[in-house]
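Next, two complexes with subunit A in common: one pairs it with subunit B, the other with subunit C.
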Partner chain A sequence: MAFSLNYQKIDDILAKLSSDYDIYAPVRLVGEGKFSATDRIQYDKITRAEQIVYNEKSDFSPREIISPITQTLFYFTENEFIENLPESRSIIIFARPCDINAFKRLDKIFLENGDFADSYYKSRRDKVHFALLDCKGGWESCFCVSMGTNKTSDYSLAVNFNSKTVEIEVNDSSFNKYFNDIKQCSYQYNFVKKNKIEVELPEIRPEQIEKISDLQIWQEYGQRCKSCGSCTAVCPSCSCFTTRDISYKENKKAGERRRVWASCLHPDFTEMAGGHSYRETAAARIRFRTLHKIYDYKKRFDTVNMCVGCGRCTDTCTQLISFATLLNRLSQEIKKLSVLEEGVEYVSKSSSS
Partner chain B sequence: MCQNQVAAKNHLKPIAYQVEQIIRQTAQEYIFRITCSEEVKPGQFYEISLPKVGEAPISVSSITANYLEFTIRKVGKLTNYTFQLKAGDTIFMRGPYGNNFPLEKFKGGNLIVLAGGTGFCAVNSLLEYYYQNYNQLKSLYFLTGFRNQASILYQNRLAAYQAKFTQTIYCLDEEVKAGFKQGFVTDYLKELPLNKLQDYYLVIVGPQPMMDAALKECKQLNLALEKIWFSLERRMSCGIGKCGHCKIGDKYVCVDGPVFNYSAIKNLID
Partner chain C sequence: MEKKNIDIDVSKLTSNCFRQSKVKGECMLQMRVPGAVIKAEHLKYAVEIAEKWGNGDFHLGTRQTLSIPGIKYEDVSAVNKFLQSYIKGVEVDTCGVEMEVDSNGYATIGARNIMACIGNKHCLKANVNTTELARKLEKQIFPSPYHIKIGISGCPNDCAKGHFNDFGIIGLVKPEYDYERCIGCGKCVEACQGHATRVLTLTEDKKISKDSCCCVGCGECIVACPTGAWRRNPQEFYRVTIGGRAGKQYPRMGKMFLNFVTEEVLLKMLANWESFSADVLNHKPVYIHGGHLIDRAGYYNFKDKILAGVDLNPEAEVADHIYWAETEYRANIHVK
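Right after this comes the complex of A and B.
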């Protein structure tokens, strides 16, 4: 069922929904952009439709709603750890297919990887309903179609904002009650079919990894990358974190154990006690991140790739590294490797015959 | 999917244990004996957790019915604080985590254990297991090396292992001492009667440069690489496959390891 509403009506419905749900959507933070006099689009709680920025890509992903940048796991004294599991109401997140698909990637890590589910992630994730934000083909850096993340069936509502009206498709009957007496319409969500850019994903065989890690392309990107980690901070499917303890100024024996987002681009990501670390160059770290996004994750879980093609890493990079371009170039380099290998095999076969 | 089985338990919550005894090994390395009767297998580790300081993965160096031992080197923030603990104090831990050495696979075989420096701590539980269950192996060769006299670990156990195992080779990198050969432990692998052992398994544990050198030596000696197991050490925050710090390629050292067969990691690049 689909409904057409004006902004007054949608606000009434948002008000009703707000009594049952915490509603999150991309909002505008005026003047808080990366450059002076620019805005930042970031997820926050909303209660009115006009707060929702529906026609721009958010700079940050909705991941922080479920997995906050900083999260207190425990309050401790010297003798006790007290759990701080988030108690949350049910949640509605306005998001596009790429970001909803990214939550599936996070689910794999936080709920499935290893033997145990992460209680902190699970306690909020279980309560999430998605309101699918209409996407009119994406932006300059988007490549969801190439990643197969342009579609999803995991949504309770699908919403198309126009200047005067809002069309809503209800895909979950538990939400019908909010739409009594509203005019029906024939709106149906249109998934993006084509982006401005296409990405060709490399085909990688496990035995090629050593040669791939020796490719010159990593050195080239490594010279540009400043290891700032912005790409991982805006990524909707990045999940890494570090645990940190802090003690209170007033009583140094008490404090909090916190989880803070971590970045594999930072030089200390692998540093162990004693100072030894792995992947000491930016080149090695870019290679690590890239291969995780388009090879390792897929191989481990025998599923889709981790990258959802939202392009936020490209948008935020101060060194103007385009992840789509990197992937396309990598595919070409790997093709050259394969041709070389096949050539060698061909030569050895023909010389032995 | 494991969502159902865990609903209630928060696996990140540290549990309080009591420090039973602290045994000094060297100026830098102490054994912490913790009262604990949990079932632990040789090769596994715990996240040792100190309020205000943080958590670090430490391998179990000795397993008994009533206590576990952790041999800790004073190298970082957490380990420095650990050295302030006294017998009777509370210590928080989570675990045991990770896989273990494949005892079933090794059964009836010839086993070579090659440990460098603190790598000894990670294999000691395995050596103790075979010290008590020696009939499970055909033979056991143990090679270990330390930097100098001051860094020798488990003096009494070295003697016991020498008396019991098929052959032991102990060395010091920098100094001369009776009972110890001089040089890197990896240089002495070729002194084993490798050609007489039709079938053998090899366990290599130590600092990364030592393990790299050992692998190079194994390649030079034409050893069957698929019969080598490594125990890897990586930075970890969670120990349960979430934080991402220990990931190498498609493997997580905390949940897939720390013990890896060479064939599982040969295509992984750090």
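Right after this comes the complex of A and C.
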């Protein structure tokens, strides 16, 4: 069923929903962008429709709602600890298909990687309902169609904001009660069918990995990349974190354990005792991230690729690296490798993993 | 010297924004470009004047004027007539200067062209819109016969060299730190160490500690932060340096007068410049560097007068004293 509402009505419904759910949507922080006189769009709790930025891609992804950037896991004293499981109400997240599909990627990592589910992630994730935001055709840096993430059936509501009215498709009968006495309409969510850019994903055979690691393309991108890690911070499917034990200043015997997002682009990501590191150059790090997004994850879980093609990494990169262009170039390089004559022995130049 | 029978009132010529040339009979026009931005269409005036009345050369003036050398004295009035629509287009239509534009060219050279970097319309580092500010200031200072040189930079890099102007204006930001968003990567610490005043440190808990005393308000931390833990405070602030100048005897770099003032405070303060100058100069607008004028009045006197009626914003800081530092090409300059 679908309904058409004006903004007064949608605010009434949001008010009713707010008594049952925490509602998150992309909001605009005016003048708080990276550069002067630019805005920042990131997820926050909302109560009114006008807060929702429906016609622009958010700078940051919704993953921070479920996997906070800084999260205290437990508090400890000398003999005890208290677990700090997030107490969460049910959640509605206004998100696009790419981001909803990204949560599926995160689910694999947090819930199915190894033999236990991450309870901190699960406690919030289980309570999530998605309200699908209309993409209105998408944006220039998007390549969801190439990644197969332009569609989803995992949504309770689908919403199309227009200047005066809002159309809502209800895809979950438990939400019907909020829409009593509302005018019905024939709205159906429009999934993006084509992006402005297409990405050709490389076909990688496991035995090629060493050769691929030695490709010159990584050196070139390594020269350009400043290892700032912005691409991982905005990524909806990045999941890496590190843990830190914090001892309180007044009493060092008490403290807390936190987890904090980490970035594989940062030089200390693979740092071990003694200061050794697996990936010492930006080239090695950008190679790792790229292959993780379009090869390693898929191989590990025998499923889809990790990258959902939202293009936020391209949007945020101050060194103007387009991830889509990188992937297309990589595909070409790998094709060249594949046509190399069989029988030519390949000697690896790389000693890194 | 060329043996030409020339009779020109040089000071009147200068006030009209034509500079006397060593080539007898010639002068150079200096067209104002407030904030160093005009529409490309306005450049056509410079081209036409240079080709029709100049010697065909075009000089980028050191104060960001459009300068046309080789204009004959006898052509000055024709040039001024042609200049009328440029002055109207730039001063009145673009900057909103309240003045009657006639065919006599610029009324005064007193308040010099306001210099500026490109600012936040383009630059990744800039914290303010230097063009808009320059235009607001142009409306305030032009056409004043009192000398004032202003240079505006969008950030503390001071690419527009405000430090060598009577008033250097520098766009600042007060970054806000969001503890929860910080992942302790230290990118802001690196940026602050590399580009700014090293006020950030990574704590034992892998969060950021800031020594707010010496933050120059450049915003490098915001640009460097991958997670948006450093947030741009949308309130724009300014630093003001005073007394900068070049010169043969004792060039002096400007010193900080105001720190973290709002645009409102800045504009009100500069609105007092004319009356301060008139007061010190006994209502005779003569050419004198701002720094010398402040010396003549005394800094404390200057401070009182220039801040008269100005309500400082809570963040504002004002210099208690100024310790000038000069390059003394002539020693013992203050001993007379």
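Just so it is clear, the second predicted complex is superposed on the first by the 340 of 353 C-alpha atoms of A that agree within 3 Å, B and C clash if a C-alpha of one lies under 4 Å from a C-alpha of the other, contacts with A are read in each partner's own complex, and residues count from 1 in each chain.
Keep this in mind: a contact is a pair of C-beta atoms (placed from the backbone, for glycine too) under 8 Å apart; a residue touches a chain by one contact, two chains touch by 3 or more.
Small disclaimer: the values here were computed from a predicted structure and weren't measured.
In the superposition on chain A, A:89 makes contact with neither subunit B nor subunit C. In the superposed three-chain model, the partner touching more residues of subunit A is B, compared with the other of subunit B and subunit C.
By the touch criterion defined above, A:210 lies against subunit B but remains apart from subunit C after alignment on the C-alpha atoms of chain A.
Of the two partner chains, neither subunit B nor subunit C is touched by A:196.
Applying the stated contact rule after C-alpha superposition, one finds that A:29 touches subunit C and leaves subunit B untouched.
Shared-chain residue A:68: touches subunit C; no touch with subunit B. In the overlay built on the shared chain, the residue A:318 is in contact with subunit C alone; subunit B does not reach it.
In the superposition on chain A, A:266 makes contact with subunit C only, not with subunit B. Applying the stated contact rule after C-alpha superposition, one finds that A:45 touches neither subunit B nor subunit C.
With both structures placed on the common chain, the touch criterion links A:136 to neither subunit B nor subunit C.
In the superposition on chain A, subunit A positions 244, 262 are in contact with subunit B in one complex as well as with subunit C in the other.
Interface of subunit B with subunit A (complex): residues 1-3, 6, 9-14, 16, 51-56, 73, 75-79, 90, 92, 207-208, 233-235, 237-238, 240-245, 247-252, 254-255, 267-270.
Interface of subunit A with subunit B (complex): residues 73-74, 76-81, 83, 85, 109-120, 122, 206-207, 209-210, 213, 239-245, 247, 252-253, 255, 257, 259, 262, 264, 269-274, 276-279, 284, 287, 291-292, 295-297, 299-300. Across the complex, subunit A is touched by residues 120-121, 124, 126-129, 154, 171, 173, 179-185, 187, 205-206, 219, 222-229, 231-234, 236 of subunit C. Those residues of subunit A lying in contact with subunit C across their complex are 29-38, 40, 42, 59-60, 68-70, 228-230, 232-233, 244, 246, 260-263, 266, 318.
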